[in-house]
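By written order: A, B and C. Residues from 1 in each chain.
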């Protein structure tokens, strides 16, 4: 089989067929054969995601293994990774409901995940201090709106300054809501355009393929 | 570098330290301050309160490790609320991690249930577990649950679960509660459950996502929304079950005020610096 | 049995009209009739940022945040991000900029590796590319600390934040701003667009992300599809105005729209 067929044509044809099957099933009542086929295809998503996770883990483990082997920069952290991976993966493989495995997940993985998520609050504050300056009229409007909506959102804000509730609600519902609606419409159209280009095979960069410029000169 | 320039380009570590102190103190020593209940939260609570006894509702448990602190307390209180009203609950999740966190929420809610309230797995509630395929999985679930799930999260075949006897599609539910966390999946529920089947729906999302869903609320496709930790705190308050969310929401008072003070200070310094430059 | 599933007729008609107009404009472009399209400034901004990186001898980072391709709302912006990555990687290869692409999902990692490798090969610069350092897999969660740490230690001069951005948007953009990098940000996740616009030097929002993906293909028949999307916008505009007038007159079209 030629390289072009495998790398380009087969993925494009598969994408188009499977995508159209899903779209058709959404709009038209389908016989059980098609519905069952689509259910099977959707379950492939789970399997491929799991395989992708394993692939990424293998790549990362090889990378850290090489670092330890060649004593690259900060190679000792790679040992920490390898040990943590070996212990957690080993316990999970033996029994995913094992109490030690669940203890690691509940007392280490989850709190660390929550803590990393909470970094957002600190960076928003830092960004707001640096960026929210009334350099011009638009900046001033943004600043005032942000302060009003902030006061509306904090529990005590409405008690301290009652007018922020109707004004902030108006800002959130009317100009902000209108803006978001416009963005949702635009984004949906953009996704449709992308879908058509990908299904027709007109855009192939996401397959790692770049063809030289074509079309009318 | 003058003091003014240093203040305008304040090291972010100082900002982080100030915010940490502003949040840590009220979390460790909860300070309960007066709180106004937002309309969206009240609408969502009243919607849940209006579900008739004996109804079966669908709940999407979409909270993960990162968003459980915000929404978890609210979800736990809502589970207690609905079980107290003898509403039957069918849970599902669109991610494996979130399916596990839904189990946590159910267990915590059951621990806080007043005695005498029925809460038997399979009779009063069931957790269908992970439904693969994202929005297309939700679409398939809404049309035919048994085409997507043959057993619940704990491995019990669906046909052996009493609560699922007459339940097989979205139209069999009285309402839908979509605890979407930060996964941006509330539109899945609107598109696949509300619009085609006309099932009323409310939901939960993180605070910064609330404007995203304002169009759905204004058009009537959603009934209120529980926004972040404040929404969860308001639910706890309306249920008369103050808990973790209320404590955290009180802390956001101090964090939010510090945020506002820093922004105003930054602008004052900016204008002073600009005037000094103009004078030069 | 109904021909069309109940409640989906309007959706089907809309899809056919919009997809049809996109295909129509692409076919017209094949025949030599190219629509007049506004040039998207972001195309030049990519080269400007990479040029700055070359001048300063510091790397450019290309970050895509969430790349879980099994989630439909993430898949589309991720595909657009890959398309823009192809162009950016090729520009980086041509200009000689150091390029770093951390990825948090295995499937996206393999695709990114292919794209960057292909881009450098197209510019005959494969010998300048150390693929395992240029494209790196980082587990979700660990990526934050690693990337922030390296932003400071590398003294990154340019950054691209393209794709489906969630809460990490403000973390990475704020750090990049503090490091002094020139940034181009683009996402379609509406609640993070304000952060990207406020913090990044240049931004592409919402559908501009997909439009940029079309532009950078440098194929006029592909970028002509944007004219078809604009047909959808005009239809939406007409329906909004019509709907507002009808609702003001007390005429509800809810029944019609839920056919």
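Here are some notes:
Criterion: contacts are C-beta pairs under 8 Å (C-beta built on N, C-alpha and C of every residue); 3 or more make two chains touch, one makes a residue touch a chain.
Everything numeric here is computed off the predicted structure, so don't read it as measured data.
Nearest to the overall CA centre, using the mean of each chain's CA atoms, is chain A. Contact count check for B-C and A-C (C-beta pairs in contact): higher for A-C. Chain A and chain B have Cα centroids separated by 19 Å.
Once the centre of each chain is set as its mean CA position, chain B and chain C turn out to be 29 Å apart. Centre-to-centre, using mean CA coordinates, chain A is 13 Å away from chain C. Shown for chain B are the residues in touch with two or more other chains, namely 12, 66, 132-134, 136, 211-212.
Residues of chain C in contact with two or more other chains: 5, 8, 70, 167, 174, 178, 190.
Each of the following residues of chain A touches two or more other chains: 26, 45-46, 113, 116-117, 123-124, 126, 130, 132, 180, 184. Chain contact summary for the complex, chain B toward chain C: residues 12, 66, 132-136, 182-185, 187, 195-196, 208-209, 211-212. On the side of chain C, the complex with chain B involves touching residues 5-8, 70-73, 166-167, 174, 178, 189-192, 258.
For chain A in complex with chain C, the residues that touch the partner chain are 23, 26-29, 45-46, 48-49, 51-57, 59-60, 63, 112-113, 116-117, 119-120, 123-124, 126-127, 130-132, 142, 180, 183-187, 189-198, 200, 202-203, 205-210, 213-216. The touching residues of chain C, when paired with chain A in their complex, are 1-5, 8, 11-12, 15, 18-19, 22-23, 26, 29-32, 34, 68-70, 76, 79-80, 82-83, 85-87, 90, 105-111, 114-115, 117-119, 122, 132, 136-139, 141, 144-145, 167-168, 170-171, 173-175, 177-178, 188, 190, 193, 195, 198-199, 205-211, 213-214, 216-222, 225-226, 228-229, 232-233, 236. Those residues of chain B that touch chain A in the complex are listed here as 9-10, 12, 15-16, 19-20, 23, 33-36, 39, 64-69, 132-134, 136-137, 139-140, 147-148, 207, 210-212, 214-215, 218, 227, 230, 233, 249-250, 252-253, 255-260, 262-267, 270-271.
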